[in-house]
Amino acid sequence: MNDSKSVKNLIGENDLVLVYLNEKRQFLVQITPHLKLSSDFGELILGDVIGKPYGYIGKTHLGREFYCLKPSTADLMMKVKRTTTIVYPKDTGYLLLETAIGPGSKVIEVGTGSGALTLVLAKFVAPDGMVYTYDRREEFIENAKKNIERAGYINNVEFFCHDVAEQEFLQKGVDAIFIDVPEPWTIIPKAAKVLKGGHHMVSWSPNVEQVKSTVDALQNNGFIRIKVSEIVEREMLVRQQGVRPRERGVTHTAYLVTSQKILGSGFEI
Amino acid sequence: MNDSKSVKNLIGENDLVLVYLNEKRQFLVQITPHLKLSSDFGELILGDVIGKPYGYIGKTHLGREFYCLKPSTADLMMKVKRTTTIVYPKDTGYLLLETAIGPGSKVIEVGTGSGALTLVLAKFVAPDGMVYTYDRREEFIENAKKNIERAGYINNVEFFCHDVAEQEFLQKGVDAIFIDVPEPWTIIPKAAKVLKGGHHMVSWSPNVEQVKSTVDALQNNGFIRIKVSEIVEREMLVRQQGVRPRERGVTHTAYLVTSQKILGSGFEI
Amino acid sequence: MNDSKSVKNLIGENDLVLVYLNEKRQFLVQITPHLKLSSDFGELILGDVIGKPYGYIGKTHLGREFYCLKPSTADLMMKVKRTTTIVYPKDTGYLLLETAIGPGSKVIEVGTGSGALTLVLAKFVAPDGMVYTYDRREEFIENAKKNIERAGYINNVEFFCHDVAEQEFLQKGVDAIFIDVPEPWTIIPKAAKVLKGGHHMVSWSPNVEQVKSTVDALQNNGFIRIKVSEIVEREMLVRQQGVRPRERGVTHTAYLVTSQKILGSGFEI
Amino acid sequence: MNDSKSVKNLIGENDLVLVYLNEKRQFLVQITPHLKLSSDFGELILGDVIGKPYGYIGKTHLGREFYCLKPSTADLMMKVKRTTTIVYPKDTGYLLLETAIGPGSKVIEVGTGSGALTLVLAKFVAPDGMVYTYDRREEFIENAKKNIERAGYINNVEFFCHDVAEQEFLQKGVDAIFIDVPEPWTIIPKAAKVLKGGHHMVSWSPNVEQVKSTVDALQNNGFIRIKVSEIVEREMLVRQQGVRPRERGVTHTAYLVTSQKILGSGFEI
C-alpha cells in the first residue's frame, strides 16, 4: 500500500504538463528550466514550476491563475503536432478495448500519420511490449517520432518507412493490427499473414464505401466476427442556468471495423 | 523483432477462449482437460483444443464448425458473471483515455460491482500497478474476485469491503479515482483527499440530476476542467443486400463525468 | 373569435377516439352506438361516450379509468392496419415541411403501402387538394382505402392500381412527388416529367446503396439542391427518480432524400 | 384530374422565389418588376423572371446560372427575418404531427418571436382555420407580421400584444396550444382553461430543468400522455468520393414536450 512519503507527484524537468488557464487557453508544455510562455492573460514563468506538485496553481505576471495539470492520454493524443487527421480518443478507447492487447503485446500499426494512435498503443503495451509502425512518408515518421519521444514512449515503438503495398511486414505473430490508411482492403491480405490466429484486426474509415470494401476483404481473408460501429460523443453542458447538450459539434469522424482471424489454408499462425 | 519460433499462440490449460459458433452462440470459456460444452449445434469437446493455436476451427459432434478466438478486453468485461449493471466497453474506453493511467499506476475504484471495470483497470496498470477497489457488499466482492481471477488479473487488485461513506480510504496519492456509485457526490470530498494533485477523478451516472450533483460537488472540492459526455455506439450492418445502421439498440447507458484536482486549502498532495 | 357556444368538442358517431388506459393500453377506436371493448382492465362501454366531450374520463366495469382523447395525426399514422412497414411520424413531419405543399396542393405518392403517409398528405392538402396514390398491389390499395376512409380523408385521395414501372403517370404538373418504393431511381425519370418545375421530389430508403442510386438518378434527371438526412428521435424519460434518455429504442428507420427539379431539355412544366 | 392547360406554375409579381446559385448562395426573394440582386457571382435581373415558370434557369451578367425554385415550408421558416432564435423545421414537423391540427383548426401560439412557427401553423390551418399568436413585445410582433405577410398567410393569423402572465387568453376551445416561452410552466394553468378537452398542448425548451418544470406543471393541470423527445437531424453527404455523415453540425436545439388534456374539476371544455 502507498504511504504519503512514497507518493511522487512533483513536476520534473522535461515533464509534460497541461497548463490550463481556461477552456480556450490550455497548452501541453514540456517543462525546461528557463521556459516562459506568453498569452493574452500575461506571461507564465514555467521554469519555476519544477519541483512543484501537479495541481499547483501559478500566476501570470498579470495576476491570472494558471493550473499545472497532469495530461490525460487523450490530451497527449489531441495535442500532438499534426501532419494528418488523427483518430479521436472516443474512437481509440473503443478500438483498444475491442482487441486483447495490454502490457507486453506486440502490435502492428499501418499508417503512422502524426503518431497519435502510436503513442496510445505504446503506452498500453509498455513496459515490455512493442509497436511496429509503418508509414511510407519519411516526413510523417519524423514528426511522429518527435511526438512520441516527447510523450515518453519512444522505447516501445519501432518505425518502418516502408510502403506495405510493395513490401512484406517484417514481424510475424503479432497480437493485433491497426490499419489507418485510405484503402485498408489492399493491406488486409498481407496483414492477415502476420497476425496471430484468433486475434484482432481493426481499421477505420470516414466513408461507407471504404468500410464495405474493407469488410469484403476481411471476409475473403479468413476473418470472422466482423463488426462496424460508429462512436458518437455528445457533450452535456452542466451550468447554473441549466443542463443541455452542446448545440454544435463534431457529428462524424469514422466508421470503426473490428474482426478476428481464423486459421485455414495459408494461415499457420 | 519477433520471429516465428518465438510466437506463442497455443491454447493452454486454464486459458480463456471465446468459443464462437455464430453471433448468437458465443461463449467465454476457461479451458480444462476434460471440458465439454453442449449447445443446440451439438457437443463441443473443448479439452481437445489444449495445444491448438488460437484461431483453431473445431467441429461439434453434429459437424458444425466452432472457432477458438482470443477474447478481447471488451469480451472479458461483457462476459463477467453479473451481480449488477456493468459499465459498457464504449464508456470504459473513453474514461480510460480521459485519465493518465497506464502500466504502473495506482488507482482507486469505488463500487466494485461485478468487477468488469476492475479487470480493465487491473489489465492496464499491470504489471506493476495496483487497483484498490471498494465495495460495501461482501457478496459483490466475492463474485468480482472470481471474475478477475478467471481473467488473470488478480495480482493487480486489492479488495476492500468498506463502506466509504463511513470510513476513510486506506491509500494516499493515487493516480486516478473511478466512482461508480449512485451518489458520487457523497464520496467526492473524501476521494479528493487521497487523489494526487492535477490528476483525474471520473464518475458516471444514468440520470441528469446525478450528474448535476456530482458536478456541484466537484466544483466545491477543488476540481476543474469538469466535462460531461455521453458516448453513443451506433452499429452499422454491412451486408450484401445493403449497408444501414442497426434498427433497434441501446440508446443510453450513462453520462460520463471527468475532472482534475487542483491543490489548495486542505489538499497537499 | 371563438366563443364557448360555438366550440364543438363532442364525440359523435363514427368519430375516431384514442381510448387511453395507460401507456401499454391505448386503442384507436371508431365509435359506434353499441360498441364495447374488452381489456384486462375490464370492459369499456364505448357506445356511451357518444355526446360526451373529448377529454372525458370513463370507467371500465372493474372501475379502472379510461380517457377519450383526440388522436393526433401521428396516432392516425401509427395505428393504421399495416400490410407493410410504414414511414414514421418523425420522418413524415420532416418531409412534409421540406416540400411546399399545403391546402390545395396536388401530390403524387408512389407506393401507397398501408396508406399511413397517404392520409397525412390528404389531411394537409384538404379541403381542395388531392393526393394521387399509386401501388401495383391491389390488396394493399384495398387496405389503404379502408385506413383512409376511417380517418376521414377519402375525398382527397385517388387510388391507382398501376405499376408505374410500366405505365405513365396520369397527372401532369403536380406540386410534389413522394416516392416510397425499394428502387426510387427506376421511377424518377417518369416522375420528373409530371412534376412542376422548381418543385419537390422526395424519397426515403433504409440502405445507403439505395440512397446513392437515388441521388445519381436525381442528378441525371435535372434535380438540384439534393439533400440526404436521417432523423433520429430520442425520447427522454422525465420521472421523479430522475431524467434520462430511454435506454433502448429505434436507432434507424430510413435515409430521407429531398430535391428540386429545374427546367431544361425535356421538361417544359 | 389535372391537365397541362390548368397547371399554373408561372412566377408572378410578389411571389416568393428561392433564387439558388449554389449551396452557399441561395436567397428567398419576393419578386417585383424592377428587382435586381447583386452577388459575387454577378448581377441578377430578377424582375425578368416574372412570367417564367418555377424551375427557370437564368444567368447573371457574369454568365453564372441561377435557378428559380419554389421555396419549401422549411425555407419559409429558415429565411424569416429573425429577432429571436427560431424553432427548427425538424422540430416543427414533429410537433405538427403530434397534434391533431389541420385545415380549419383554431390554434393558440404563445411566444410569436420571429413568426417562423406562426407561418407554418397558419399555412396548415388555412383556408378556414386561425392562429391566435401572443407576444408581449410589440417589436417582435411587428417583425413577425411582416414575415407572415410576405409568406402570404396573414389572413390566418391574429396577433395579440399581451403578456399572458398577466392577462387571460381571449379565445376558448382551441384545438391545440403551442408554447414557446422560457418558462412554459407559468402559462400552462391558464392555457389549460382554453384548450379543448382531449386535445394537445406542446412546448419546447433547450434545458433539462425547463422540461422538468413543464412536465410537473402539465401533471398538476390535468394533462396525460406526456412525452419528451429530442429530434436529431443528421445529414449524409452523398458524393462521388464516398458517402458519409457530415463532420460538424447542429447537435442540439430543444427538448420537445407533447401532452393531452383530460377533463376534470375546473375544465369543462
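We call the chains A, B, C and D, going by the order they appear; numbering starts again at 1 in every chain.
The definition used in the following text is that contacts are C-beta pairs under 8 Å (C-beta built on N, C-alpha and C of every residue); 3 or more make two chains touch, one makes a residue touch a chain.
Being a predicted model, the structure only gives us computed values, none of them experimental.
*Asks:* At what distance in angstrom does the C-alpha mean of subunit B lie from that of subunit A?
*Replies:* Chain centres of subunit A and subunit B, defined by C-alpha means, are spaced 20 Å apart.
*Asks:* Using mean CA coordinates as chain centres, what's the gap between subunit A and subunit C in Å?
*Replies:* Computed from C-alpha means, the inter-chain centre distance equals 48 Å.
*Asks:* Could you grab the centroid distance between subunit B and subunit C? Build each centroid from C-alpha atoms only and quote it in angstrom.
*Replies:* 45
*Asks:* Touching at least two other chains at once: which residues of subunit B meet that condition?
*Replies:* 208, 234, 243, in rising order.
*Asks:* Is the way these chains touch best called a line, a ring, a star, complete, or other?
*Replies:* ring
*Asks:* Could you list each pair of chains that touch, in label order?
*Replies:* Touching chain pairs, listed by label, come out as A-B, A-D, B-C, C-D.
*Asks:* Under the definition above, what is the set of subunit A residues touching subunit D in their complex?
*Replies:* Residue list for subunit A touching subunit D: 206-210, 234, 241-253.
*Asks:* For subunit D, which residues count as touching subunit C in their complex?
*Replies:* Within the complex, subunit D touches subunit C at residues 1-4, 6-7, 9, 20, 26, 53-57, 67-74, 77, 89-90, 92-100, 102-104, 106, 120, 123-124, 126-128, 158, 170-174, 196-200, 208, 211-212, 215, 224-238, 243, 255, 258, 260-264, 267, 269.
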